[in-house]
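See the structures that follow.
In the two assemblies presented below, chain A is common to both, partnered first by chain B and then by chain C.
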Partner chain A sequence: MNLPTQERILERAAGPGVAVLALGLLLIILQAAGLAFWQGFVINIGIFLILVLSLNLSNGFTGVFSLGHIGFMALGAYTSAILTLPLHEKQEYLPNLPTWLAGTHFDFRLGSFPVGFLAATLIAALLVSLVALLVGLVLMRLSGHFVAVATLGFLVIIRVLLFNADNLTRGSRTFSNVTPYTNLWWVWAWALLTIYIVWRVKQSPMGRAMYAQREDRWSAQSIGIEVMPPRLFAFVVSAFFTAVAGSLYAHFITSFSPTVFYFDLTFKVITMLVVGGMGSVSGSIVGTVLIVGLSEALRRIEDPTQLYGISGIVLAVLFILIIIFRRDGLLGQREIALDRLFMKGGGTGGEPYITNAD
Partner chain B sequence: MNIVFYSLQQLVNALSIGSLYALMAVGLAMVFSILRLINFAHGDLIMVAAYFAAFALLAKLPLGVTILLMIGGAVLVGLLMERVAYRPIRGAPDVAALLTSFAVGQILQNGTLLVTRLMQKPNPLAFPVIGALSGVFTFGAITIPRVNVVSLGLGIVLLVLLSLFVTRTDLGLSMRAAAEDLPAARLMGIDTNRVIATAFGIGSGLAAVAGLLFAVQAGQLTPYMGFTPVLKAFIAAVIGGFGSISGAIVGGYALGGLEVLLTAIPGIGDILPPNMVSPGVQAWLKQWLPSSLTSYRDAFVFVVLILVLLFRPNGIVGRREREEMG
Partner chain C sequence: MKYKIFALFVIATLFLSACGATPAGGGGGTQNSIKIGGGFALTGDESSLDLPAANGAKLAVKEINAAGGVLGRQIDFIIHDTKYDMSVTAQVAKQFVEQDKVIAVIGFTDTDSVLASGPTIQAAGLPFITAGATSPKIPTQVGDMMFLACFGDNVQAAAGAEYAFKNFGKNGYLLWDKGVEYTTLLGSYFKSRFTELGGTLLLEDSYDDKATDFSAQIAKAKALPQQPDFYYIAAMPYNVGPVVKQFRDAGLTAPIVGGDGYDTPDILSVAGSAANGVWFSTHALMDASGGTEGIKKFITAYNKEYGHDPENAFAALGYDSVYLLADAIKRAGSTDAQAIKKALEETKDFSGITGSITFAPNSHVPQKGVTLISIKDDKFTLGAEVVPEKVPAP
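Let's turn to the complex of A and B:
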């Protein structure tokens, strides 16, 4: 096997580098042209991409299917939004906050850069990771559809708590006036980080352990691969990024209520994941762009005709067709190997990618 | 209020809500036992049945015709979803099947939304009042909504009929054989497609009855109203022991009891007669079990579900499973 020489490393980095540059160029054009609709559209894709990749890390890589991730998103959204809410808004909207929270406002800036938003997002994400660790210690012991239903139970529990924690969340009333920090750059910086991390996890020993225990837990255990560590690791890391997506979302739409974070959103993210292919990073990207684009197009039909429901039906039918005719999604577990794009000799020296789609 | 009457009233409430859960849970359990499919669209079937009933009543059809139409419609939809969505994915991994049922549910919800829109009906739709099911019964000091009593009675009658069907008829025996071992049942010459269709048909019919009673209690319909009932039915089935009909029935009543307890116990300090317990206990009850806890009921119920999944995955009456879940 070839040792990765300087030249080869450059060759491998060229593909992803070009992709990132192209994305940057697109964002600059969008920013400069000020096309509000398309900016919102691309921000939406970015947020969903983070959600789908996180879900892929937990559900696709380990096979432990969680339906509770949107609960993590909700926790991330509320936590960071409470932290960044200006003090006078807090007095008005959340008069019963504990005093230490009521006096906290993450509006620190470094020049014009809102460090406070970054800090609030990180704090929210770390807090949610901790919750995920505790929940995971209990739930990751289950598998198959039992874990799916138990995590769905987690989603319901979070919803009940959000509705009842009046002092922190305003209960069923809308949580509004969140500072609109989120923009193209925030979203896509986080999205690129998520892609990179999830990709690295997939190629890492931990990632291989995730696949191994998913394919056959008894064989995996017999060669010394434990079941719980990879599952927990995936669950916690994916909860972290899901919470980040929640924070970005909160500071993007600026007003929301617990009803947003429920089953419809869960199903939408799962659709993107399944259409793209569980276990494939590039599949998640393809699935997300495709479904966000399709729903937007369908919404354009729904809005003028007032025939609400069409988009839901089309997406669900598409979902069933994919499960019947192409169960592994568009890409299965394969990847579009950007790192081989500029490799001489078709990149035969690259690592073999996993193609054990069953 | 007298604590004895209060308890009696809560008992009837528990049995009546338990009957509804049992009616819904047996459909889930029958399908699960044969196909290992958790059919989440079962809840949307309840919703669709309630809409059939509402449209029939709004068209001024008599109650008997309404019920026939409702059950017929629900059975048809149930058979259709089996034929179109579930048969092609038979043998797929558990999770793929579960996700398909979510998609089927989405189609039913959005389809209902679209139809009500096209028929220019409001959303939510007020459920027409049914004379036979409205009002209350009064027994001495207790008053019980009539619909609760009907739920209880109807639930017991239908569940007994179902038990007779499963134990005394050929088709029922075939169904149990298929639940035991589907490939072996096929080898024994059992028409498994027919058995599976029967399970979907019966489950849908029972769900329709539950849907009507549920709609009468709720008073209004939305396309999304099926989500909570199916979760509850699922919990009932798991508590009882998933995959067995008797388990689903036991679980339904157990869940009904649990929910009524969770509703009745918080705030009990406020309604206890003055001299029943010492003032200290009463103050303790008021402090630690305030009536505001009631709004956390569903969270507690799901905690129970998770505990059952973890510690007693075979439920109350579940047989020892051949395969393990961990």
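Let's turn to the complex of A and C:
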């Protein structure tokens, strides 16, 4: 093994660099054109991308199939929204907050930069990670169907908690008048960070341990790979980013109730994950863009044809076809290797390709 | 090879969404038409209310256009389905403002959809009339361009409470769906008016949204030492059938009282004759024989257009919303948003088929009477027309 030279590193960085620049250019154009609808569309892609990638980290990489992640999103959304709600709105809509919370308001800015929103998002994400750590200590000992059912239970518990913590969440009533901080830049900065982190985790020894214990727990343990640490790590990190997505969602839609964070959303995210390919970072990106884009395109077809509801049917059929003919999703576990785009000699000496194990 | 197929797939998707971007925006209107947006959840959980509302609104637009339009211009009514998905709802609001360039928006029969779309429409400074979202808090939550075409939940809950107190007795029972804002508010307004009148709630109970089994609640009600004179059940349209049927099947025969969530054909098709003895407050009785002149005319027109009678009062509310807006545009004499808003606020004794609409100063929730419907012989019949004596604060 040769150590990578500076030239090699530059070559590797060129591909992702070009992609990020292209994305940046797209965002600048959208921002300058002031097209709120298409900005909203791209923001939706970004939020779902964070959700799908973080779910991939847990479900795809470790094979511990969680159905409870939307619960983390709900916690992130509510926590950050309670924190950023301006004082006068708090008195109006959340009059029964405990005093220490009633006085906090993360609506401060540094110049025009909403530091409070960043802080609230981080606090929410860290708190949710802590919850995930506690939950994960118990649930990550389970495998297969058991973990799916247990995490589903977690989702239901969170929903019931949100309904009944009336003083904090307004219960079943819609939590409204959240300040709309979320814009293109917030979403895509977080999305890029998520992509980077998830990608790095995949290539790290921890990531390899995740794969090893997923494919064959006994063999992995027999060569000294512990099962619990990689699982727990994946669960907590993915909860962190799911909570971030929740915070972004809350400050984008600006009104929501516990009903939003339930089965519908859970399965929408899982669909994107499965269509793209569990275990593939670029698969998650493809799956998200594909499903969000297709939903929008089909919605546009509904209006002139008057075939309302057709988009749901088409998506369902597509999903079934993918499950039948490409069981591992469009990309399986393969990656579109952006880092080899500009590498001479086909990129030998780079990091090993993950090939489809099946 | 596989990569190529996949790349084609992605390109096709992007192409499709790009295609979608251009044509739908224009709608079918002429250059000079007045564009009005109609946001409705035509599919999803609210569709049994939103679909009739959208049909009613379309009928009104057709009539107005046939009669020469408003200010000599035709109305171009642009409908988008929001799928009862809040992300889509928020996007549709932006679509109305930015791509369809409408001058006003009407639609929706539920609070969540209005709150998800309202801020965008408010920020664009366009008038927004909700056909059937009955939370009286909506105008303060959204802003000064927001209007209701229907009464607030505090009004219908007070009407139900007063009627039940006088006619059924002062020992009540309250059950509500704790998963939804509408039912939670309705239940709490009912409780506040009923106890104010001197009534006692023998039991207050709740269930999870979309529950299908109410045996736990029924067991608790049956175990009461004294049986209540009536049951007030605040339920969503998709729950009313099962909850009523299960109460009756368990042998609980006292009247069941509810709000306008009961105004769906589902209650008759699901609960069947078990629905007899149900009383609920709503906007109008859609009955060709018992209704007012306006309702009879509306039902005939609706039947001619769609081949069946209006499903419920939300059809009439959609219809009224369009006429209410058209009336305001006419009086404003222009399509300027602020002028329309001012004209809407000055609306006085506008005679809609769901009742006469007047906006009191500083209120964007109309003062309207409430229709109480009684289900008898497997049919909706007019129980009473009520104007509540006192209404709980929103």
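As a working rule, the second predicted complex is superposed on the first by the 348 of 358 C-alpha atoms of A that agree within 3 Å, B and C clash if a C-alpha of one lies under 4 Å from a C-alpha of the other, contacts with A are read in each partner's own complex, and residues count from 1 in each chain.
Throughout what follows, a contact is a pair of C-beta atoms (placed from the backbone, for glycine too) under 8 Å apart; a residue touches a chain by one contact, two chains touch by 3 or more.
Everything numeric in this text was worked out from a predicted model, so none of it was measured.
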Query raised in the report: Are chain B and chain C a fit on chain A, or do they clash, once the structures share the same frame?
Result: clash
Report task. Please indicate which partner A:F163 is in contact with in the superposed arrangement: first for chain B, second for chain C, both, or neither. Result -> both
**Report entry** Which of chain B and chain C A:V274 touches, first, second, both or neither
**Finding:** first
Requested in this report: Using the superposition on chain A described above, determine whether A:V149 touches chain B (first), chain C (second), both, or neither.
Outcome: first
**Report entry** chain B versus chain C as contact partner of A:V286, first or second or both or neither
**Finding:** second
Query raised in the report: Thinking of the overlay built on chain A, is A:Q91 touched by chain B (first), by chain C (second), by both, or by neither?
Result: neither
Query raised in the report: So, does A:L139 touch the first partner chain B, the second partner chain C, both, or neither?
Result: first
Query raised in the report: Does chain B (first) or chain C (second) touch A:T254, or do both, or does neither?
Result: second
Report task. Kindly classify A:D303 by the partners it touches after superposition: chain B alone (first), chain C alone (second), both, or neither? Result -> second
Query raised in the report: Just chain B (first), just chain C (second), both, or neither: which does A:L35 touch?
Result: second
Query - Of the stretches 146-154, 200-208, 236-244 or 362-370 belonging to chain C, the one that collides with chain B - result: 236-244
Report summary line: Both chain B and chain C touch chain A at residues 160, 163, 308-309, 312
Query raised in the report: Which positions of chain A touch chain B when the two form their complex?
Result: 65, 138-139, 141-146, 148-150, 152-154, 156-157, 160-161, 163-164, 263, 267, 270, 274, 306-313, 315-317, 319-320, 323-324, 327
Query raised in the report: Taking the complex as given, what residues does chain B use to touch chain A?
Result: 38, 85, 88-89, 92, 94-100, 102-104, 106-107, 109-114, 117-118, 223, 227, 231, 234, 238, 295-296, 298-299, 302-303, 305-306, 309-310, 313, 325-326
Report summary line: So, in the complex, the side of chain A touching chain C is made of residues 35-38, 40-41, 44, 160, 163, 171-174, 176-177, 180, 252-260, 264, 286, 289-290, 293-294, 296-297, 299-304, 308-309, 312, 330-331, 336
Report task. Mind listing the chain C positions that touch chain A in their complex? Result -> 3, 6, 9-10, 13-14, 16-17, 19-21, 23-24, 42-43, 79-81, 83, 85-88, 90-91, 94-95, 97-99, 111-112, 115-116, 119-120, 141, 177-181, 183-185, 208-209
